[in-house]
Each structure stands twice: as C-alpha cells, then as structure tokens.
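Order of writing sets the chain letters: A, B, C, D and E. Residues in each chain are counted from 1.
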Amino acid sequence: MIKRFIAFLLLIAIGGIFATLLIGYTPDAELNLTARYYAERTAADLGSANIVTAIVVTYRGLDTLGEVTVLFLSAAIVGLVLAGGRQRTPRPRAPVGELLTTGTRLLAPLIMLLGVYVFVNGHLTPGGGFQGGAIVASGVLLLLLADPLRHFSHGLISAIESLAGVFYVAIGLLGLLLAGGFLDNRILPIGTLGDLFSAGAIPLIYSLIGLKVGAEFASMLASLSGTEEL
Amino acid sequence: MSMLMTAMTALLCVAMLVAALVAIRGRSLPIAILAAGLVSLVASVLFLILASPDVAMTEAAIGSGLTTFLFFFVLGRVRGGEND
Amino acid sequence: MQFEWMKIPYALLTLFIVVNFGMLLGAFIQKIGARVGRRHGIPVWQNHIDLIKNYGLRSSITHGTMFYLGPVFRLSGGVGLLLFVPTIHGSEMFSNLSFAGDLILALYFVFFGALGMALGAGESGHPHAAIGVTRGLSQMSMAELPFALATFSIALQYQTLSITDIVAAQQGGMLNWTLFTNPLAVAAAMLSFLGSMMRPPFDVVLAPQEIPIGPPTEYHSSYLALMQTNRALFPIAKIVIYMNLFFGGAASWPVFFFKVFLIYLWSAFVGVVFPRFRVEQSIRWFLVWAVPLGVLSILLV
Amino acid sequence: MAHLAMATGFLLILVGFYGALTNRNILRMIVAFSIADTGVNIVIVAVGYMRGRSAPILDSTVSAADALARIIDPVPQALVLTAIVIGVGVTALMLAYAYKLYEKKRSLDIAKFTELKW
Amino acid sequence: MVSALYLIAAALAAAFLLGLLKEQWRGAAYAVTLAALAFMIWVSAGWLWAFALEGAAPVEIFTAGAEPPFAINLRMGLAEAALTLLINLTGLLSALYLKDALSRLGRRALAVLLIAIMALCGIVLTRDVFNLFVFFELIVIATGGLVLLSDDDHALAAGFKYLIVSQVISVFLLVGIIFAYHATGTLNIDGMAGASLGLKTGGALAFFLMFIAVVAELKPFPANGWALDIYESAHPAFSAIFSAATGAAALYAVDKLLLIGGADWLPVATGIGLVTFVAANILALPQTNDRRLLGYSSIAQTGLVLAVLGQRDILGDATPYIAFGLLASHAVAKAGLYWLSGLVAGRALADWAALRNRPLLLFAFVTFICMLAGLPPFPGFYAKWELARFLAAEGRLALLALILFGALVEAGYLFRWLGYLIKREAPAAETACTPHQATAVFAAVIAGWALGFVWGDLSGRNNLLLVLPLLFALAFLLLEWLPAWTKNTLAIAGMVGWFVLTWTEYDPLRLIFAVIFLIGGAITLLASYAAHGRRIGFYPSAMLMYAGMAMLIRATDSFDFFAAWELLTVGSYFLILRGKHSEPHALSYILFSLGGAFLILAGFALAAQGAPHFDIASLGQLGQPAQPLAPWIFLLLAIGFMTKTAAIGVHIWLPGAHAEAETDVSPMVSGILLKAGLFGLFLLLMTMGRQRLYGIELTHALLWIAALTALLGNLMAIFQEDAKRLLAYSSIGQMGYALFGLALMNHLGWLMALMFVINHYIYKAMLFLSIGGVAKRTGTREMYRMGGLIRMMPLSFIPVLIGIIAVSGVPPLSGFGGRWIFYNAIMTAELRLPLVVIFLAGPIAFLYLFRLIHTIFLGQLKDEFRRVREAPFWIVLPQMIYVVLLLVFAVVPGLALRHVDAYLNRFFPEGGLGWTGPAITSSYGYWNPIAIMIVVGVIFATLLAWLLFVNRRAQKVRQFNIVFAAERPFRPETTHYAWNFFAPYRKAMGFLVQPFVTRFWETLTDLLHTAGDLARRLYDGNGQSYAFHFLAFVVAVFLLRGGV
C-alpha cells in the first residue's frame, strides 16, 4: 500500500512536469526551419513523394539504420536467450484445425505480397519498410500458427536478414563514395516524382529494410515459438 | 467537421485511457494484453486523425499486431506464472 | 673561562673536600636522627671507616659488564656534576671545570649517574633491583620537573644560563638572593629537592623494608665503595647547584659548608615529619604542589 | 486537438508507469511499459500536429509547390516510426527475459529476483 | 583519413555478415569480429594521430548529402578520436578476453558485442539528439544481451532490472527530445545550443528531461541500483566495457547536452556528479564482493568526471585535460581490474590474494589501484592537481573539499583491498590465465603507463616519467630477477651516485636533508645485505621512496614538490606493507598520508590562485587574492606535513607502521621518512613564517601541538610491551621536539630542530636496527619475553646503550647538544606554558629507554634464548657506523651545524651561535663538547680502570646466584621483572594516554562504514525499487532546481 502511495506521489510530481509542458505547448503556425527545408526540398532533391519516407530513409537514415540494428539485436538476443533453454523433443500437440491450415495456405502468400507492396511503394504512399516488414512477418506468424511443428529455416531467415543488412550498409557506403554522404539516395537517378522507380535508392533501401525487418520479426517469432512449453 | 473530429478524438482518448486502466488493473493477464493491444489500435486511429498515416500503419502493424502476438507467445509458455 | 692545566689539581682538591664534607654531613644527620629517637647513633667518622674498608675489599664475583659499569657511571655522574659547577664564587681556583658548559650541562648531567645505576642494577638480574629502578625513574621524572621549571625561571630572570653569572647577580646582600627575588621558583625547586634526595617521604625507591635487597645491596666491596663515595658526593653536588642558583652561592668555604648544611637539613627535616609516599602518590604530589609553583614562576618572571 | 491527444499521451505514460511500478508480475510490467510507449508516441505525434494541414505526402492533392503551406511537420512522424520499432525491440527482449526468468524460478514475481542487492 | 562513418559501417557490416556464416564456423566468426574491431581501432587511432600530432582540424561528417540540421551529422575531433579509440580498444581486448564465452554462444553474441561497440562510438560521434537516443537504445539492448554472457545466474535478473529502468529513462528522453525539437525546430545539438533552448517556452523543461535521462545513463546516486547488479553479475569482460567504454560514451553525451543547457546547468551536473562521487564511495566501503565494489567505484569515478564537466565554466580550456585524465585513469584501471577479476576464482575481496603468486598480475593490480587513486605518475594525478588549482582559484572550496574527501574514502577501500591482496592467505587454487586474458590485462597496464607519460608530456610541467630518480626506481621493476645483493649494490650505488651528482646544488639546509635521505638511506640499505633470495618487491618500493625524497629536496615548483611527496608516500606504503602483520597499519599509514597530501594539495592550490606554476619560495610573497588566505594556506600545509611527522591527533598510524615493518625497513621509515615531513615544515615556516588566524598566532598553536606530541608520544612509549612500538612512539615524541623547535620561530629553535633531524636519524636508525636484529633472532618483539640478551648479543647492546644516552640528552653524547640548543632557544620563546609540557616530556624519555635496555638486554636470560646468536653481520655493521657517527657528531657538532647556523642568519639574523674556538657560545650560555667528552671520558676511564684492577680476578656468577625472600629462583621468568614495567607510572599518569585519538578516528571510520551500510539498504534488489529511485531522482533534481 505504501508502495502504491509513493508511486502515486512520484507520478503526481512527474505529472506536474508533464502538465507544465502541456500548458506551455503552443502548436506551430508555420513549419519550422527543418520542416520547411524538408517540405521545400525533398521532392526536388530526393524525388520522394512521401516526405516521411525521405526523412526516414535518407535525412535521418542513420537513425533508421540504428533502428534496424535494434531489431537485429533484439532478434539475435531473443535467439541467444532462448537458445540457452532446455532442448526437449516437442510433445505432439493437438492438431490445429483444418480451417486454419487451409486458410493459412491461401492467405500467407497474399499477406506477404501485400507486405512487399507496402515497402516497395514506401516512397510514394504511406507505409514502407517497417510496416511492410511487419506485414511479411505476420504472414510468417500465420504459418507458424497453422503448423507449430513446422521447422522453420532459421538459416534462410538469417541469410535474408544478413544479406539485407549488408546491402543496406553497402548502399549507404556507396552514398558516401559516389554521392553526398553516407546513405545519400542519389547514387541512382532520382527520376520523376511519383513513379515507382524514382527517388533514387530510396525504394531499394526501403525494400532492404522491409526484408530485413520482416526477417527479424520472423526470426523473433520463430525463436519464441520454438521454445518449449514448460 | 472540426467539431466532429474533436469529439471523435475525445472519444478515442477516453477509450484509450479506459483500455489502459483495464490493462494495468484488470484481473486477467490475457485481457490486460488485449487491452494494451487495444490502446495501440485506438492510438493508430488517432494517428490517422492527426494526419500521420505512416505512423498509424506502423502502430497498427507493429504496436498492436506483432507486440500482442509476442505477448501471447510468451504468455502461453509461462503457465501459472501469470498470477504471480 | 679557558682551560688551564692547573685546574686539574684544584678540581681534585674540591673533590676531596666535598667528599669528606659529604660523609661527615651524612653521618651527622644520622646522628641527629638517632638522638631524636633516643638512640646513640653512629660515630661521625663511621662513614670514613666503611668507605676505606670497602675500597680495600676485593670482590670475587661479577654479574657482567654492566655490573662494572653501573657504579662507574654512578660515580662519574657525581664527580662530573660537582666539577662542572663552580663551587666557590669569585674563586678561579674553585670554579672547577665549569668552562665546559653552563647550567644546562649540570642539569642534564644529573641523569648520567642515575642511568648508570639503573643499568648496573639491571645487570644484577635481581627483580627487586629492577623494581627499585622503575620506581626511582618514575618518581624522578616528576620530581625533576619543578626543578627544571624553576631553573628555567631563573635563567629567564637573569637572562643567562651561566651559573657563574647567576651567582654573580645575587651578590651584594641577602635580599639579592633568588630566594627573595623569585620565591616561587625557589619554593618549587625546594620541593623538587625533597624528591631528588630520596629521603622520606620520597624514599620508597630505596624502600628498605619492602625490598630487602634493592640496587645498593647487590653491590658490595669495591663496587659498594664507589656507590658510597657517590652517596656522599652527589647530594652535595646537587646542593651546590641549588645554593648557586637560589641562595646566592658561596664566596668562601665556610659559607659553603654552612649553606649546604642548612639545605641538607631541610630535606632531613621534612623526612622526619612526613610518612612515606608510594610512587604514584609522590608523582601526584609533585604534579599538584610543585609543578604549579614552577609554572607560576615561569609565567610571572 | 493536439492538446487533447497530448494530454492523453501524458496520461498514458503516467498510467503505464503506475502499472509498472505497482504490479509485481513481470508480464504485467511489460504490458504497462508498452502502454507508456504508446503514450510517448502519441505525445510525439501530437507535438508535430498542425491544425488544418494534411499528411506530409505529395500526391495529387498536395503538390510539391504548395507543400510548405499544406503539410504538417514530417519530422516527429519520422521519429515516431523509429521509436515504435525500438519499443517493440525492447519489449521483445523483455519478454524473452521474462520467459527466461520464469524458467529459472517458476515465478514471474519481480520481488523474487532480489538475490543481488546492497 | 578514413571517414569516421566507417567505424559504424564496418561494425554493422561485420555484424550482419556474421549472420551469413554457419553456426559451426566459430573460428571464422570470431576472426571477423576481431578484424572489424581492429579496423575500428585503426580508424580511430589514425584520427587521433592526425589531431594530436598533426594538428588537424575537427571534421564534420554529413550524411545523406544534406547539411545539418537537416540531416544527421557526426563529428570527429580530438575528443571523439580519443574516446572512440578507448571504446574500440576496450571492445577488442574484451573480445579477446571473452574468447571462450563468445565461442560458446556463437555468432549472435559476437554480433551483439560488435553492435554494442559501434553504438558506443555512435554516441560519441553523433551531433543529433534523436540519433543519440537511438544509439542509447542500442546500448540498452546490447547490454541486455551481453549480460547473458555471464556464467552467473543472477545476471538474468540484473539484466531485467536494467531493462525496466531503461524503459523509464527512454520515455523521459523521448519526451524531452520532442519538446526540445518543438522549441528550436532542430534536432541538431549545435543547432539547439545556438537556438538557446533554455529561453524558449518549455525549452528548459524539455532540456531537463533530456538531461536527466542521459545523466541517468551515468548511474547517478541513488538511481543506480540496476547498474550495480550488472557490475556484480555480468561477465567481467563485459563489465569492463560497461564501466570503461559505456561510462566514457555516456559522459561525452552529457558533455554534448551541456552545450545545449549552457551555464545554467553546469552546477546541476556538478551537484549530481559530486553527490554520486561521495555517496558511491561511502557505499563502497562495506562491500565485500569485488565486482560490486568495482561497480561502486566506477559509479563514483563517473560522478567525479561529471562534476568536472560541470566546472567547465572555470576550467575552460583545461576541461578536456582534466576530465580525460580522470576518465582515462578510471577507464583503463577499471577495465584492467575487471579483466583481472575474471582470473580470480572467489568473489570475496580477500580471495584476490590468489594473485600474489603471480608477480606480473600483482604488478598489474598495483598499477590499476594507483591509477584509480590518482597517484603519480598516472593521468589522474595530473588531473587532480589541475582541478584543485582551478577550484581553489575560484574559491570553490567546498567542492574541492568534498572531492578530496571522496577521493580519500575511495583510497580507503582500494588500499584496503590492496592490503588483502598482499597480506591475506592465498587460496590454494592456482590462478589460471589464458594468453588472451593476459593480453587484455597487460594491454591495460601498458596503456596506463603510456597515458601517464602522455599526460606528463601535456602537463606543461616536468614529465614525471622522465625524471631520473623515478626512472631509476622503476628500473628495479625490470631487474627483479636479479638476486637481492646485486640489487642492493645497485641501489646503494645509485643513491650515492645521485648525491655526488647533485650535492653542489643544495643550500646548507637542503644539503643536510640530502645527506640524510641519500647517504643515510644508503647506510640503512647496508642492512639489507642480510636478506637472501630475490626479495621481490622490496627494491622498487624502497627506491620509489628514496626517489621521492631525492625529488622532494630538489623541487622548487609546488607541483614537483607534491609529486615527489606522493611518490615517497606510495613507495613507503609498499615498503611498510611488506611487514608480516602490517596490513592494517599500512592502510592507516596510506590513508593518513593521502589525507595529509590532499591538504597539501589544497594548500598549494589556494596559494597559487590559478597560476600554472607556483614556486614554493613565493609562499612568502603571496599575490593579492591569496594574501588574505595566507593563514588558511599555512594551516592546510602545516597539518599536511604534520601527518607525516605524526603530530598528536594524526599520529595513530605511526606505531603500527613502524613497528610491523621489516627489520631493515623500520630504520628507513622512521629514521629517514619522517624527516620528509620536517623538511616540508621547514620550507613552510621559512617562507610563510608567522600567520594569524582569528587572532591566534598559528606558530603558537604549533607549539602546543608539538609540546603535546612530545609529551604524549613519550608517555605512550613507556607503556609499550613491544620493543619496536616503543621506539615508534618514541619517534612521535622526538618529532614533537623537532616541531617544537621549528615553531619557536627563532634562530636557535630551528637549529635545534635540525639537530633533532640529524640526531633522530642516527639514533633511531641505529636502535631500530639493533632491536630489529634482536627481534629477528628471538622471534618476538615482546620485551618481557626477552631479557639478559647482553650475553648473547653484545654487539647489538652497544648501540642501544649509546642510543639511550644520546636520546635522553645526557652529556656527553650528541643528544645533549640538542637539549642545550633547546634551552637557549626557549629563552626567547613567546609562549611559556607549552614549555612546561615539554619539560615534563624530557625525563619520560629516560623511562622508556631504560625499559628498552633493561628488559631486553639486562635481567634474566630466558631458557629458550640460550642459543641465540648475535644479529647478522650486515645488520650490525650499519649500527657500528651509527655509533661512530654519533660520537663524531657529539664531539664536533659544528661540522654540520655551523653551516646551517650561518644559513639560518638569512631568516633570523639575531641569536646565532658563536663558533670560535672549541666552545660554542650563545648569548646566554656556552658549551664545549670536546671538553665535556674529555672530562667525562677521563673520569669514567679512571674509575673503570681502577675497578677492573681491583676486581681482576672476579668470576662471573651464574645466572641464579641471587636470593630473594629466602629462596633461590630457578626459572628466569619468575625473576625477570619486565611486564607492565612502569606500573606506578601508569597509575599516576595513565589517564593521559587513554586512546582518545584512536577512538576518535575509529568512531569516524565506523560512522562512515555504518552510513554506507545503512544507505546501501536502499538497493533492495527489486527492479521496481530501482525504477522508483530513478523517478525520485528526477523529482528531487527537479525540485532542487526550483522547478527548472
């Protein structure tokens, strides 16, 4: 009880800090310096219609690289943590319903395709590598649910993950060598605004991100599902 | 329009808070997880209203979707632990 | 104040006079004590006889090197102390070897003999000897303090450390004596004097009853002779210092004999009156009575 | 509207913290943290929101030329994207830990994992 | 130069590549990892080279072809290069060290390690706050992974606690970032700084949130329980990274944020840092687990650097030098210690005694501890000096005091540990150390010394590692394989050689000290020929001490002086520590010494008032800002020096330290080392003279202290049963006399002090050797167990006899000269009461000396010592030299004194002595040493000759040929009166020697311990509590700042 009371008091104090922030907040009427630059220059410089994508992939590409790495790390560590657990031969489980199995067979490729669509079009429409990757992973998830005993090719997932990562870094370095800097997308022609093949390397990078994120989520899910019920 | 949107926003906000309270104080852990997923899901709607479709998609796919699954994966493997 | 060879025979002369005087004095005091106790007492020349007899005796045993060295230290201390202090004021003859050092030399040379005594007794291997020494040293450490304070006080008073100069400053009438110009210092020093004479009430160090064989009795024959000589010599040597510092010194031998006798009597008198102190009692006694006087004398001078 | 959303976001953070601080069950703590994360995301997006403007995507309705006046600040959105992904990474890691901890002690009570102290 | 981006790219590429390798190809994966780390080291080393040696300008690295603030940018400058090098090196070495664990866990673990290192580099390089956040999250996750490398089960719980708190932290960071962005329209750090964030609406609060979140990564007190658990349970190699690399990166992040916050936030940083530094050190006191202790120490050190960063308003351009100095010392040492901890099987501090059988590892440990404690010649020492200089100049004295206090507490537990290592029972188990592990540890050792060299080079002062005496001392480390006698010869030759080289430089006063330090030292070293074998550790320590002393007398600059002071302290500490039971005493010695040294440091710093170089001589003519502080400076320096001379109140270290030291070490530390303190006091009084504080003449205070020291030192000496302790207490008393002379502030007083310097050296060295020899032969130091040894060890007896006469000041030996000068000096003393005390002390010396000679050499010989032999030749030889010296000095004291007397005329033209003819005259009296010697000698010889002649046939009686109480004793024990020798004296005066001072210090340390023990209950091990702590920390800082 005392613990709750103290927690309450502390949070009231923290809430006070937040409230001060809230009260002091006035929405901008105009875009600030940075946002204005992005609004004015993105289309011309990078050729990406989705400005958020442009920022995520290029301007703040280093963040995104870090972010992908976060997932990579998480996946690796989840794998590490769970690999250390006891390895027992899986008990046979109650078979999954026919409906789910069939549905999965039908749906999974579609879902994955959707995912691919989302990340390939990341520079044009909302969505991109992360969202697409997550969708791809949910396809994998479905497969896992449908057939828990299915042996997932960790090798394949990990190869995709690694290759995507290596290429990502390589493209970034190409930017450093050929264009204005690390992760500069202008190593490829910018093209016309709105085209699929435009915005230089952004679609390529975002696709790699999508693959990588998908693979990472998939590997995380696979690791978790691979653990034995205790 | 604006009034409507504001009202809707308010509704969403209330929904999120209620779901959040359920998530932290609710009796059953599965319901708590689901409630947390619900918070994310509602948040993604809120993001749409706040003109952030990218974020909305991400939140929906990752925040509410994948995360909830992760929770359930683990929950399924710690039978008996959920009531500690 | 330079060394001349002639000083040596004169110094030996002084030594001779003082030793004889000391032995007579000691016997005389004993005689008085006996008469007070309605006893006959010893003849006044008894000490001479004892001494000569002991010098004549040979010992066939020794306890070791320090057993030899103890009496040697002891007597060296006594002789040295006497000779480093001018005996008769104004007499070049009896200024002895005081050219070698001043008051401080005398002050510290007092310890030379005590040290030897202590060492020699220790070598005897007798536990009571050691007990006696610890008592003696303990008591001395406190008993000497008022004297040191008083000495310092008069050194400050006369702005010199030279004994000759101090005596010189007291000439020209009794009122010039330190006794009257700095009574506090003298009082402190005289209390200290009681302790250093090892007479009652401060004689537990020798403690004839409790320690039947204290340091002196381990020594016999010629060792004892040296000790006896010193026993005659040392109190006088000490009194000479007191006399010089506090009582105007002596310009001639008769004055010398007279003053020394009176000062000696002081300790004998107190000893008859007071019971014996234990060591820690005497330490406290000095700390409480004598030291404050000395401190006052320093502060007030 | 931004204020409203922001207030909700802050409240979610506080609710999340409260849940994380008072629930001893490890899974519940993780749930609570994920709510707090959502709250943070809402706050960030709300900060970037500007009334009456549209999403920062150039298309037929918003051309490159009038983007300056029509779109909202894209930066917070980019940040949120990153934050969400990082959040899920951390959550996954905590879940894995929770599983491992459970495996060790057969309990999910955080108060039982106090061997290291002082 | 290779772009710094490759640091990130290479690590990532390698990490991703690892995924392509088969799980079984462990060797290949490991090789890739090492290659990537090596590449990263090469890159940062290249940059460091370019910046440091070629003077290259810092480089901005843009990404995405856009300029900041529109795209993320990185910066590579000197600081970044150095930090990334530190991080990468730690990474590589830890990877080497972790070979087995990494191989076990496979490529994923390797990838995590690589990414962790990359992220740390990223934190250092990036100039974008959100990017900073991303890297921080990477660290959090990577930490969560690397914790699992440990074999310790508890690591799991620790990792989870860490994740909990990190979640809370990241919420604050994100909220802070977004509002900061809103206020300034940029995420760029320099942009935010330029936009003066704090002035914008909500800006200050936003900054507060960011700041507090990043500061939390430094594990500030009390929000740090989680970190401690990690330190305790993680694999030591990871803890090395966590402590050294993560700490460094997080500090740099805070530093960058402080750019944004501006001057307003500097005090906050200082406050947090300081509280952390002090609290963590106090908390570390009761720790028994080595890794947790190191954790507390890491936290403390990081706090200190944070405090320094917060002082950049006054430190200015010196900030990097100081901060890096502290940081580098901490990082290298802590990494090294963590690596070492992996080699030790047990987790208790005492288990480290296992390292004792491996001299090289022991050396590594000592290096690290000295680095952490900020001892010369390591960077922390220079940094501490500079820091004190600036803080004192600006009057931030409370800050300085707290820092020094914290450092002292830290030294307390570090040196206690060192003591365990060297003195405790070594576990039977052999310490296993693979080549990989050894590489890591010794790389840290080398780095430590190299950094010491670099910092010396940059200091703009004398590079300590280029000073000849120190190099000479260090050379003995390399010569350890030689037999002891060779080293001894070398050492003696070196000391005499150095004296011959330099003696012309000294003024008469310094010359006397130089003779005592160097020639005197060489004579005491003669006794060391008695030792056999190699005597590992003795010569480097001893020579370090002598090197310190040699440097001390030559020092003119305050820095050189202080460095020498510290060196001699360290050297003597190791020397003292060699004694059999000296562990606690060596500890209290080093603590008092360091405490004193810190006071000296503060004193010099106050006096310099920021001047980069401060000549000791100019203590006498302080500039304007320092002038009013002069009495305080005097006080600090005086107390500092008095801890070395063991004045009453700070004396409790001495008896144990001197008594427990080895036979040939006691004379060094007593006869020689104590004089260093006197030398300091000489310098102090020469330059500053009289000072008044609140109307009190400080020299008068010194007089009182000196008198009490003399009295109580002597009094305590007479009650000792242990012969060497007796001598040690006697030293305290003697030092009291010397101090008294100095404080008299007149010509003769100083001369007397100098006389004591010489005399005390000779007779204390002599007595310690003699008693040491006896103790060596009899195997005991309890005097009552000895007795009658004059027959067995006559040669050892002579020095004691002579020593007794000399110490007690009885003519004709040289002690009397000291007393004579003393009496002449006090004739003009201003204060008479302390004199009374000194008078009282005089005869007491006689008591303890008699006890010494009687109970050991006289009295009854014990049965078990009937076959005891005379002390070894090499121990007797120097004693005989001392006897001769003492006699010579007694007869012709003018040899040394008249020159000094003339020299002292500079300071006190009045009151010198007259040196014409054989007699020495003062304005009050005279003294003829030659005449005294002849007179006493003649009388003595005559009497002795007569006695010998008369008793030439005397036979020696048998031992028990005595009778008392009508019984003949037959057991020596029953007739050797020795125990509680001065019982009546104790009854009378015992109340004066109640251990008040000891109790005071014990209570103080107990209080500290108890405080630490109570405060650490805060860390109850519950992850939620730690989150509470963090929130409470945030709220507390917020409220203390007055709501931002």
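One rule holds for everything that comes next: a contact is a pair of C-beta atoms (placed from the backbone, for glycine too) under 8 Å apart; a residue touches a chain by one contact, two chains touch by 3 or more.
Here the structure is a predicted model, which means the values were calculated and not measured.
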Shortest contact path, chain C to chain E, counted in steps: 1
Chain nearest the global centroid, as defined over all protein CA atoms shown: E
Leader among chain pairs (count of C-beta contacts): C-E
Distance from the mean Cα position of chain E to that of chain B, given in whole angstrom: 59
For chain C paired with chain D, centre-to-centre distance based on mean C-alpha positions, whole Å: 99
Averaged-CA centre spacing for the pair chain C and chain A, given as whole angstrom: 106
Between chain A and chain B, centroid-to-centroid distance (C-alpha), Å: 19
Residue list for chain B, restricted to those that touch at least two other chains: 53-54, 58, 62, 66, 70, 73-74, 77-78
Per-residue multi-chain contacts in chain C, two or more chains: none
Multi-partner residues of chain A (each touching 2 or more other chains): 3, 7, 10-11, 14, 18, 21, 25, 28, 32, 34-35, 38, 50, 52, 59-60, 63, 66-67, 70, 73-74, 77, 81, 84, 126, 130, 220, 224, 227, 230
Touching pairs among all chains present in the structure: A-B, A-D, A-E, B-D, C-E, D-E
Of all residues in chain A, those that touch chain B in their complex: 50, 52-53, 118, 126-128, 130-131, 134-135, 137-138, 141, 217, 220-221, 224-225, 227-230
Interface residues, chain B side, partner chain D - complex: 5-6, 9-10, 13, 16-17, 20-21, 23-25, 29, 32-33, 36, 39-40, 43, 46-47, 49-55, 58-59, 62-63, 66-67, 70-71, 73-75, 77-78, 80-84
Residue ranges of chain C in contact with chain E within the complex: 1, 3, 58-66, 68-69, 71-73, 75-76, 79-80, 83-84, 97, 99-105, 108-109, 111-112, 114-115, 118-119, 122-128, 130-131, 133-135, 137-138, 140-142, 144-145, 148-149, 152, 155-156, 159-162, 212-213, 218, 221-223, 226, 278-280, 283-284, 287, 291, 294-295, 298-299
Contacting residues of chain A [partner chain D, same complex]: 3-4, 7-8, 10-11, 14-15, 18-19, 21-22, 25, 27-29, 31-32, 34-36, 38-40, 42-44, 49-52, 55-56, 59-60, 63-64, 66-67, 70-71, 73-75, 77-78, 81-82, 84-86, 124-126, 130, 193-194, 213, 220, 223-224, 227, 230
Touching residues on chain E, where the partner in the complex is chain C: 788, 790-791, 794, 801, 804-805, 808-811, 816, 819-820, 823-824, 826-827, 832-833, 835-836, 839-840, 842-844, 846-847, 850-851, 853-854, 858-860, 919, 922, 924-928, 931-932, 935-936, 939-940, 943-944, 947-948, 950-951, 953-957, 959, 961-965, 974-978, 981-985, 987-989
